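Just below sit the structures, each encoded as structure tokens.
Heads up, the next two complexes both have subunit A, just with different partners, subunit B and then subunit C.
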Partner chain A sequence: MHIADGILSAPVLAAGFGGTAILAAVTMRKMDHEEIPKVSVMSALFFVVNLIHIPIGPTSIHFIMNGLVGVILGKKAFPAIMLGVILQAFLFGFGGVTVIGVNCVMLGGGALAAYFIWQLRHRFLLGDRLEMIFGALAGVTGIFVSGVILALALFLTGEEFLATAGYALTAHIPALIIEAIVVGACASFLKKTKPDLLSGQVRKRILKTS
Partner chain B sequence: MSLEIDRFSHIESSVQRWDPRIKILSLGFFIFVVAILKTIPVAVISLLIAIIIIKITNIPFHFVANSIKVIVLFLAPFFLLLPFSYPGEAAFHLIGLPFAWEGLRLAILIFTKAVTIVLTTNAIFGSSRFDISMIALQSLKCPKLLVQMILFTYRYIFVFIDEVKRMEKAMRSKGFVMKANMNTLRTMGNFVGTLLIRSFERTERVYSAMVSKGYQGELHTLVTFEAQGKDFVKAGLIAILTIAVFVTDMINIFHPAIKGWY
Partner chain C sequence: MKKICSLLMVLFISFGFITNTYAHKVQMFAYPEGDTVFVEGYFADGKKPKKSEVMVYDNGGKVLFSGVTDDEGKLSFKIPQKTDLRVTLNAGMGHKAEYTLPASELNGSNPPLLPFSKGGEKKMALDKGGETKGVVNKGGDKNEALSKVELTEKGRASQISQLDEAQVQAIVEKAVERAVGEAIKPLVRSFTEMTQKNSLTTIIGGIGYIFGFMGIALYFKSRKGS
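Right, the complex of A and B next:
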């Protein structure tokens, strides 16, 4: 899910860059140099899984995985997505240079929303399936929120894009389902094999009492 | 799809010899102006400018064609959607659907601008080594942290792709076939998880190796840039062209593709 060059109007493009600058400043404020490699790995993952296509009937769709980036990096997901988007624009115009801002807000915003949903898992006791269910919800949230931002950007550009926005939203329903299953499976796999990779492991309440 | 954007940066041409900092600034300015054009003839003129720039760089066409293919696939739906969904009066009806010329015009405008921008991006980043482009960005006051992370990620992408290929081969040799079913998707989830664990472990090793060799979060380089008169002449040329394109678009010699867009 990216928006290409030359569609959006200048105010929307400017708003995208403004929003990206603010979100990047907030999310990168307390970043250590030690975190650079972890963030870069997730950027590379985001970049590469965008190239994996799954056949669905006559067409194929590709992974977006911004929800998974949110699940693993937490707030640092925003810079990770931003790097991925920048490289996609630089290397093969997937998206585009002028829409880097809008794409970052769209996909990175989805990742942050996914992280928020992922954190809600601490309020539930679902046993073994907890990570799978909330991973799936995070995957859905990532794409859904990005889809809404995409539709909003198109709508703000002009009402002639209203139908396109609707099409973009419906076209992502299969991606939504696929992503939910894959992110859910991945989260529960990581919980079993290397749980410290997942973000937001420790409950704050426990930290306070100890 | 080739990700090595700088594969043809060794070819000699006046774009390749251009100081990367000035190249990024002036062609970047051109790109942003193209993005806000409103009339098709002006967009076509800027497309011609972009084609000429690519011609000068001597980057082979098949290399550029890859990125154009992505754009075409991406924008194809617009040609189907916009003419039939443009608000206002329809010119005629096609199989019962209202067809508006304005919508088609808008789709053509979007397509022309997108191809122009992709070509120019290829000219910017295809004409110097990627690390040098990034160092140029750093000397243009891009945040250091950001530039380093871009370089790290660029490096990891190739490592990642190799890893993906290796793991895919292992899965295929064990009889895995990609299908549209639950099992495939769950396997994909585990695949991504394994990929992550392997990559993180590798990264940690690489990072400790870097730290033990004195890495302190700063990029030191022997590359120095020196802008000469020629570089500024090229920049001036692009600036004049860009402003000319912008002014022609603004004074509306041609019929704008969309009325009341702004």
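Right, the complex of A and C next:
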């Protein structure tokens, strides 16, 4: 889902860098000791998981997992994904160096949207299944929002919006389904074993710090 | 600490799934043969970019040729102009690749079957990009040789004994060049693919970077705190 060099127009690239700078500044404030290793581990996970291809029938898909990063890190997902995207660009030529900004906004924005959906779970009372359902929804949201931002970036450079968005999303349907399952399973597993690893566990945090 | 250990475990177990560590990145490869340029695109996971737009530009960015790849991800076109050709392949959705063919690699507009297309000295070397590198054409007698060819083409077989030494040399060199070019083509291709592949070493290197940054961040945090 990374955009390569030489496709987007200069204003879009500049907007990407600007957006990345703003989002990074906002999300990186007040990072405490405990969060830094967590961010690094999720950054490493994101970095690796993008490179793993799983053959399914005639084609192969690769995970994006920005939804999972959002669920676990909350707002801190953005710096994690930014670091991953920068390293992918420099080490693998995944995306391009000039497109780092746009790719960060695209994938990190998906993660932030996933976190937003994940937080909505506090408004529902679904008992045991709550984390699983909202984890799955967050996984879907991560990819969906990234796909929309991708289509938007291409649209601003001159491609047709709806066609591109439709194409981008249909290409990622297998990834959507698998990631919904994986993120849902991860979320419900972590809820049972290590609940404070998940983001947005308000009550737990207060208890712990006091 | 325990939770971080378990996350790390998951991370390393996931290495087991690395069947191929290719990206969805599109790659392309262009090579001249005679007066035709062959363009071949492929996604790094082996799929072919079908019906992808191929554009050819000269140095100044003027479009010289545009076309669409077939189901095999291939396309060929006649050399439009003997300058540096910048070939781009756009597979849509932000996947784009570029390849520049230097003018020295183009053999001009001579049909490939004419053995006299070049006089003089030739050099062939593999440079670091794995491309077959250019042909130095020093022969001033090229046009002369060409017109001779046109005159004698029909009866070439019977007249071959009358060719002088320079012409024989030219024929041999041309034939060798074509044979070698043909023989190393798969090598060049696999070399290009190999250099562009993601290796496990690079992945682990990247993870090392991330944890290195974590160490730096923690170091500065702890100094501030104390």
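The rule is simple: the second predicted complex is superposed on the first by the 192 of 210 C-alpha atoms of A that agree within 3 Å, B and C clash if a C-alpha of one lies under 4 Å from a C-alpha of the other, contacts with A are read in each partner's own complex, and residues count from 1 in each chain.
Please note the rule applied: a residue touches a chain if its C-beta (ideal position, glycine included) is under 8 Å from a C-beta of that chain, and two chains touch if they have at least 3 such contacts.
Since this is a predicted model, take the numbers as computed values, not measurements.
Following the overlay on subunit A, a clash is recorded for the pair subunit B and subunit C.
Judged by the touch definition given at the top, the superposed model places A:83 against both subunit B and subunit C. By the document's definition of touching, neither partner reaches A:120: not subunit B, not subunit C. Applying the stated contact rule after C-alpha superposition, one finds that A:173 touches neither subunit B nor subunit C. With both complexes placed on chain A, subunit A has more residues touched by B than by the other of subunit B and subunit C. Legend: residue contacts after superposition of the two complexes on their common chain; A:34 is shown touching subunit B, with no touch to subunit C.
When the two structures are aligned on the shared chain, A:62 is found in touch with subunit C, with no touch to subunit B. With both structures placed on the common chain, the touch criterion links A:150 to subunit C but leaves subunit B unconnected. In the superposition on chain A, no contact is made by A:22 with either subunit B or subunit C.
When the shared chain is aligned, subunit B comes close enough to touch A:182, but subunit C does not.
In the superposition on chain A, contact is made by A:91 with both subunit B and subunit C. Note on the superposed arrangement: subunit C collides with the subunit B stretch 148-156, while the other options among 22-30, 130-138, 148-156 or 238-246 stay free of clashes. In the superposition on chain A, the residues of subunit A contacting both subunit B and subunit C are 2, 4-7, 31, 33, 36-41, 43-45, 47-49, 51-52, 54-55, 83-84, 87, 91-94, 164, 167, 194, 197. Subunit A makes touch with subunit C in their complex at residues 1-7, 31, 33, 36-45, 47-55, 59-60, 62, 83-84, 87-88, 91-94, 150, 153-154, 164, 167-168, 171, 194, 197.
Taken together, the subunit A residues at the contact with subunit B in this complex read 2, 4-7, 9-11, 13, 28, 31, 33-34, 36-41, 43-45, 47-49, 51-52, 54-57, 65, 68, 72, 79, 83-84, 86-87, 89-94, 96-99, 157-164, 167, 178, 181-190, 193-194, 197. Residues of subunit B touching subunit A in their complex: 1, 3, 5, 28, 31-32, 34-36, 66-67, 70-71, 74-75, 77-78, 81-82, 84-87, 102-103, 106, 109-114, 116-118, 121-122, 125, 145-146, 148-150, 152-154, 156-157, 159-161, 164, 178, 180, 182, 184-186, 188-190, 192-197, 199-200, 203-204, 206-207, 216-217, 258, 261-262. Looking at the complex, you find that subunit C touches subunit A at residues 3-4, 6-8, 10-11, 14-15, 17-26, 45, 47, 88, 90, 92-98, 196, 198, 202-203, 205-207, 209-211, 213-214, 217-218, 221-222, 225.
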